[in-house]
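Pasting in a structure now, in C-alpha cells, and then I'll have a few things to ask.
Every chain is named by a letter (A, B, C and D) in the order it is written, and numbering of its residues begins at 1.
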Amino acid sequence: MIVSWQAPASLALILFLLGLAALLARRNLVFVLMSVEIMLNAAGLLFIAAGMRWGTPDGQIMFIAVLNLAGAELAVGLILLLRLRGRLTTLDGDAAVLLRDSS
Amino acid sequence: MMRDIWLVPALPLAGAVLLGLLGGKIPARLAAVIGASSVGLAAALAIRIALLWFAAPPPGDAFLLPLWTWITLPKFSAVVGLLIDPVSLVLILVISVIGFFIHLFSAEYMEGENGYARYFAYLNLFVASMLLLVLANDLLVMFVGWEGVGVCSYLLVGFWFEEENNGEAAQKSFIVTRVADIAMLIGILILALRFGTLDISTVLHGAVSAWPPGSFWPAVVAGLLLVGGLGKSAQVPLQTWLPDAMAGPTPVSALIHAATMVTAGVYLVVRLHVLFLLAPAVLHGIALGAALTVLLAACAGLVQSDIKRVLAYSTMGQIGYMFLGLGVGAWGAAMFHLASHAIFKALLFLSSGAVSMRLHHEQNIFAMGGLRTKLPLAFAAFLVGALCLAAVPVVGCGFFSKEFLLGAVWAQNPLLWGVGILGAFLTGVYIFRAVFTVFFGASVDVSGAYGVRVILPLTVLALAALGFGWLQTPDFLGGANIFSNVLAPALGGAATDASWPVALIGMAAPLAGIGLAYALHQNGFWRRQGAASPGLFVRFLQGGMGFDALYRAIFVKPFLWTVRVLKDDPVDQVFQLLQRAAVGLHKRLREEQNGKLRRYAGWMMAGSLATILAVVFS
Amino acid sequence: MSLCLLLAIPLLGGCLAWPADRLHPHLPRIISLLALAATLAVALPMLHGTSFWLADFSVPWIPAFGMSFHLGLDGMSWLLTVLTIVLGMFSIVVSWRENVEKIGFFHANLMWSLAGTIGVFLALDLFLFFYFWELMLVPMVFIIAIWGHEDRRIAAIKFFLFTQGSGLLILIGILGLAFLHQRATGVLTFGYFALLGHEPGGAAGFLIMLGLFIAFVVKLAAFPAHVWLPVTHTQAPTAGSVILASILLKTGAYGLLRFVVPLFPTASHTLAPIALWLGVASIFYGAVLAYGQNDFKRLIAYTSISHMGFVLIGVFVCNALAWQGVVFLLIAHGVSTGALFIIVGALQQRLHTRELSRMGGLWGDLPKLSSFGAFFVLAAMGLPGLGNFVGEFLILRGAYGAAPLITILAAIGLVPAALYSLIAIQRAFHGPVREARAIADFGWRENAMMLALAAAIIWLGVYPQPVLDVAAPSISAMGVTP
Amino acid sequence: MIFWPAALLAVVTTAIAVTGKNPVHALLWFVISLLAMAVVFFELGAAFAAALEVIVYAGAIVVLFLFVVMMLSLDKAAALREESWTKGPVWLLPVGFTGMLGVALAWQMLNTALPARPGRAVLPAAVGLKLFSTDFLAVEMASLLLLAGLVAAFHLAREAQK
C-alpha cells in the first residue's frame, strides 16, 4: 500500500538471479533443488506484486498455483534425489550423466 | 566381275571373324589354312580384277561400288563404297599378294606358339582393314580402315603379351599414331563442314573450285591430314614408335611395319594429291621433313645392333624417299617406290626372320656370323633384298624405283637430290654392314631345315624383287613405262628422266657405300663396334637422336604428373570437406549432449539470455 | 493405352518377383525376365506409327494443380526406352548365377527402377516426370545399399544425397516454372506442351533453368558434379552398375535435351559457353583420372565421365547433327559400358578383386573374356567402325561449325581416351601373369550376352542409319537449327 | 515501513543459503528467508499469501526438504567435497551470466512506462471468491498436479525399496 510496484519487482529480480546463479554454479543437487525453490518463490513474489499493483486477486491465485507447483516438484525431486543417492552414492549433479549415450 | 571387289576385303574379314569366334576350338593347322587361304583367295581375286582391268579399263578409269548408306543427315552424309582406280588397284595387289606370302611364312614361323589362331585372326583383320583403307571412296570410311590397321598393329606388336616391354611398345605405337590421327580427324572435320560430305572425289572437286592454290584453308587441311600420314608412316617428328614396334613377331613387322601399313601416309597424299597441290607450302614441308627423315634414319641405321631395328630404320628412310618424291609432286614415282619397297622390304624381314628362326629368335647381328654357307636360302634372299634396298644398279627393283624417284627430285630441287644421294650412300653402308656381319666371317652353329612354307615366300619374293623393276626403266635401259602408264589416268604422265651424269652419280653412291662397308668389314671395324660399349654420340644415334627423351620430357612426364596429382579426384576431396565439416560439427555438438545438468541449464540460460538481450536492446 | 503397359508390366513384375523367391530362387529372375520381354514386345511394334508422336496417353491426375498423367512416345524416347528394357534384361541375366541374398526384393527393386526410368523417358507432364525421377532413384539406393560391395554404405549415402539434391532442384524448378507460367497466363499447369514456347524471362527464368541444368548435369555426372559416380558405380552390384551406367546416366542427357533446351531456349543459349567448357573439362578430367585408377570398375566409371563430356558439348551446341550424335552416343555408350561392367563383374566374381595390380596376363587364362574386354574397351575408346565413333563424330561434326575451339579440344580428348583404354588392356589382359589362378572362362550364357552386345555395337557402327532415322523427327521437332 | 528491512533480510539470508556449505544450515537460512518473504507479502497487502507462505512453504515444503536432507546422513567427506565444489572460479560464469540478465531486466524495468502508483490490498475473501467461481478449473488442475506428484513420488519410492 505504501510501496510502488518497482520495489517488490526489484526484490523478485534479485532473488531470482541469486537462485539462478546458484542453480548454474552448484553441483550438489540439494542446493540445485533449493535454487529452484528460490526462483519459484521469486516468481510468486512478482505475481503478488502485480496483483497489488492492479488490485486484483489473480496475483495471489497465481501465487497459490506456483506454491502448488513447487510442492509437487519438490516431492518428485526429493524422491529422485534419494534414488540417485542410492544408486550413485553421491549428490553430484555432474555425475548423473546417464542421459548420455554409451559411446 | 568388278562388282566382286567387295569380296577382296570381305574374305580376310570373314577369316578374321571365323578365327575369332572359333579361336580355341579348331586345330592350329586349320587356323593357318583359314588365315592364309582367305587372304590367298582375296589375292587371287585381286589379280583377276587387275587382269580384267588391264584388258578393258572401265570408262573414266575408275570403278565405284557403292555398298550402303552409312550416315545420311541433312548436313552430312557418308556412303560406304569401294573405289577401284589404278592407285588402289596397285595397292590391293601389293597388300593381298604380299599379305598372302607373309601368311604362308607365318604358318611355319609361328608354329607352336600360344595363340596361333589369334595371331591369324589379327593378321586377317589387318589385311581386311588395310584393303578397306585403300579401297575406300570416302574419307570417313578410309578413317575406319586407318584406325583399324592401327589397332591390329597394336594387337600384333603386343602379341607376346607376357612381356611388359612388348605391351609398352604396342601402346607407344598406337598412341603416337593416335595423336597423328586426331590431327587428321580435325582435318576431316573441316572438310566435312565445308563440303557436307567426305566423298573423296566430291571433296577434291569442291576444293579445287572453292579454294585458290596457296590459300589458307587447303594449307590447314592438307597440313592436318599430312600429320596423320606422317604418324602412320613413321616420319619425323612422329617416327619414334616404329623401331619399338619391332617387338612384334617378324612376319608382322614384314607385313605391317614395312610393306603395307606404314605406307598408308604415302597413299593418303597420293589419293588427295589434288588437295595437296593447292597447298604448295605443305608440299615443301613434306619434302623438307622427308629429307630430314632420310638422314636421320640412315645415321641411326648405322649403329643398330638388332637386325630388325636396322630394317626398321631402313623402312623409315625408304618411306622418307617416297615422301621426298611426294614433296616434289612425283606421285607416280612415289607409288612405284612404294610397291618395290613393299616387295624387297618384306623379303628382307622374312629372310631375317628365317635367320632368327634357326637361332632361337636371336636378333643381335653381332651374335651371328658366317651364315652364308649354313643358311644359303636365307642368305640369298637377304642379299637380294639388301641389293634392292641399297639400289645397286640393274640388280633389283630398288634401283629402278629409286632412280625414277631421284630423277624426279633432281628436276625439282637438286639440293634435296643431294640429300637423297647421301642417304643412298649411307643406306648402302648400313645394310651391307648387316649383310657382312651376319653372313660372313666366323660362323655360328645352326641346325634344321626350312619347310616349304618358308621357302616358297622367300623364293617368290626374291624373284619378284629381281623382276619387278623392269616395269619402269630409265631410258638407257630400255625406257619401259609400264607402271607409270598404268597410273597415268589417276596421277598424270611420267616424269622425265634425269640426264646421264645425274644417273651415274645415283648409281655410284650405293656402290661406294657397299665398298666402304666391305672395307670396314675386312679390317674388323664392325665387329669392334659391336663389342665396344657405345660412346655418347653413338648412343644418341641408337636412340633415334633423342626424340624419345624429348617426348618423354614434354609429354609423358607432365601427363603422368597430372595423373598422379589428380588420381584421388580433387573435386571429390572438396565435397569430402563438406562431409568432414558436417562430421566435425556433429562431434562437437555431441560432446555438448553429455547429460550434465548444469551444462544443459547453462545452455538454456545462454539461449534465453541471448533472446532477452535481443528483445530488450533492439 | 499401351504406354501404360510399358510402365505397368515392369511394376507388376517387380511386385510379383518380390515374394516369388519363397517358391524357388530362380523364380524372381524368370518373372523379371518375362516381364521385360513382354514390355519389349509391347514397345517394339510401337515404332510403326504414322504421326511424329508414336503414342500418346493423357488422363487428368490432380486437376486442381494442373497435373495430368500424360505420357508420350516419340522416336528419341522410343530408342531410350528400348535401350532401357534390353539392358535391363542383360542386367538380370548377368546376375543369374550369382548368389544373391533376398533375391526377390533385389529383382523387385531392379524392376521398379527400370519402370521409373521408362516413366522418365515417357512423361510429358513435368510433375509426373519428377514422380518417375524419384521412382527411378529410390530403388537404386536400395540396390546399392543392400547388395553393393565393401563400401556400399558410403556409396549409397553419396548416391542418395546427390540424386535427392538434384531431385529437389528439379522439384523447385518445375514448381517455379509452373507458377511463373500461371502468373503470366493465369493457368496453372505442368503440361510439357503448355509450357513449351512460354519461356519465363529475366533472372527468375534463368535461375530455374540453372537449377534444372545443375540437376541434370549431376545426373549426367559431368565435371564437377561427377563425384557421386565413381564410388557408386564401383560399389554397386554388377546389375546395378550396368543399369546405372547404361541407363540412369542417360536420363540426365535426356532431361537436358527434352526439357532444359526446348523450354528455355534463350537462357540455355546464355549458359551454353559454360556448359561447353564443362564438357571439355569432363572429357579431360574423366580421361586423366581413368588412367590413374587401380580399380578396374572405377576406371570404367571415370571413362563414363569423359564420354558424358562429349554428350554435354553435343547438347549445348544446339544443332540437329550434334543432337543426333548425342542420342546415338547415349545408345552406343549404354551398350559398350554396360558390356564393360558385365565383364568387370565377371572378373570380380572369378578373381574376387577389382584391382588392376592383381590382374595382368589374363589373356592366357581367360581368352574369351579378355578378347571381349579388349573389344569393348576399344569400342569405348571410339574406334571407327564401332558405335561410339559414329556418335562422337556426329557430335564433333555438329559442334565444329558452332564452336571450333571446343571441338578441337574435344577431339584432342580422344588421345587420353586411347591412353586409358590401352592401359586398361595392358594392366588387365596383357602383361606378365602375376598370380597362378584356376578360373573358368566365359560360359555359354556370358558368351551369348557378349556376342549380342558386340553385334549391337558393330551394327551401330556400320549401319547407324535406322537409329538416326528414328531419332530424326523428334530432334527436328525440338526446334534446334538443322 | 517494515518492507525494506524484510526485503533486505530476505536477500541476505537467501544469499547465505545459496552459498552455504552445509545443506541443513542452508535450508534453515532459507526458512528465515521465506519468513521474511511472508512479511513482504503482508506488506504488499496479500495477507492470505503471507499466511500460505509461512504455513505451506516454510512449514511444510522446506521442512520436508529438511527431513530428507537429514536422511541423507551427510558426513565429513561430503562437507569437504562441498568445499571443493564451491570454490571461487565456479561462480565466475554463472554470476557473469546472471549479471547480464539482471542488467537487461533492470534496464527493461526502468524503461517501462507503467507509472508507479500505490497498490491496493487484496483481501482473502476476494481471492477465495475468485478461486472458487471463475477459476474453478485452475483449482482442479492444481489438484490434478498434486495427484500426479503424489503418484510419481509413490511410484519412485516403491521402486527404491525393491
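Definition applied: a residue touches a chain if its C-beta (ideal position, glycine included) is under 8 Å from a C-beta of that chain, and two chains touch if they have at least 3 such contacts.
It should be emphasised that the depicted structure is a prediction, and the values quoted were computed from it without experimental measurement.
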Hop count on the shortest chain-contact route linking chain C and chain D comes to 2
Taking each chain's mean CA coordinate, chain A and chain D are separated, in whole Å, by 6
Distance in whole angstrom between the CA centres of chain A and chain B is 95
When centres are defined as mean Cα positions, the distance from chain B to chain C in whole Å is 38
Chain centres from averaged Cα atoms put chain B and chain D apart, in whole Å, by 101
Among chain A residues, those touching two or more other chains are 20, 23-25, 27
Going by residue number, chain B touches two or more other chains at 602, 605
The positions of chain D in contact with two or more other chains are 93-94, 97, 101, 105
All chain pairs satisfying the touch rule are A-B, A-D, B-C, B-D
Seen from chain D, its contact residues with chain A in the complex are 1, 3-4, 7, 10-11, 14-15, 17-19, 23, 26-27, 30, 33-34, 37, 40-41, 43-46, 48-49, 52, 56-57, 60-62, 64-65, 68-69, 71-72, 78, 81-82, 85-86, 90-91, 93-95, 97-99, 101-102, 105-106, 109, 114, 116-122, 126-127, 129-131, 135, 138, 142, 145-146, 148-150, 152-153, 156-157, 159-160
Listed in rising order, chain B residues that touch chain D in their complex are 602, 605-606, 609, 612-613, 616-617
In their shared complex, chain B is touched by residues of chain D numbered 93-94, 97, 100-101, 104-105, 107-108
Within the complex, chain D is touched by chain A residues 1-11, 13-15, 17-28, 30-31, 33-35, 37-38, 41, 44-45, 48-49, 51-61, 63-65, 67-76, 78-83, 85-86, 91-92
The chain B residues in contact with chain C across the complex are 20, 23-24, 68-76, 80, 114-115, 118, 140, 143-144, 146-148, 151, 154-155, 158, 161-164, 167-168, 170-171, 174-175, 178-179, 182, 185-186, 189-190, 192-193, 559, 562-564, 566-567, 569, 571-572, 575
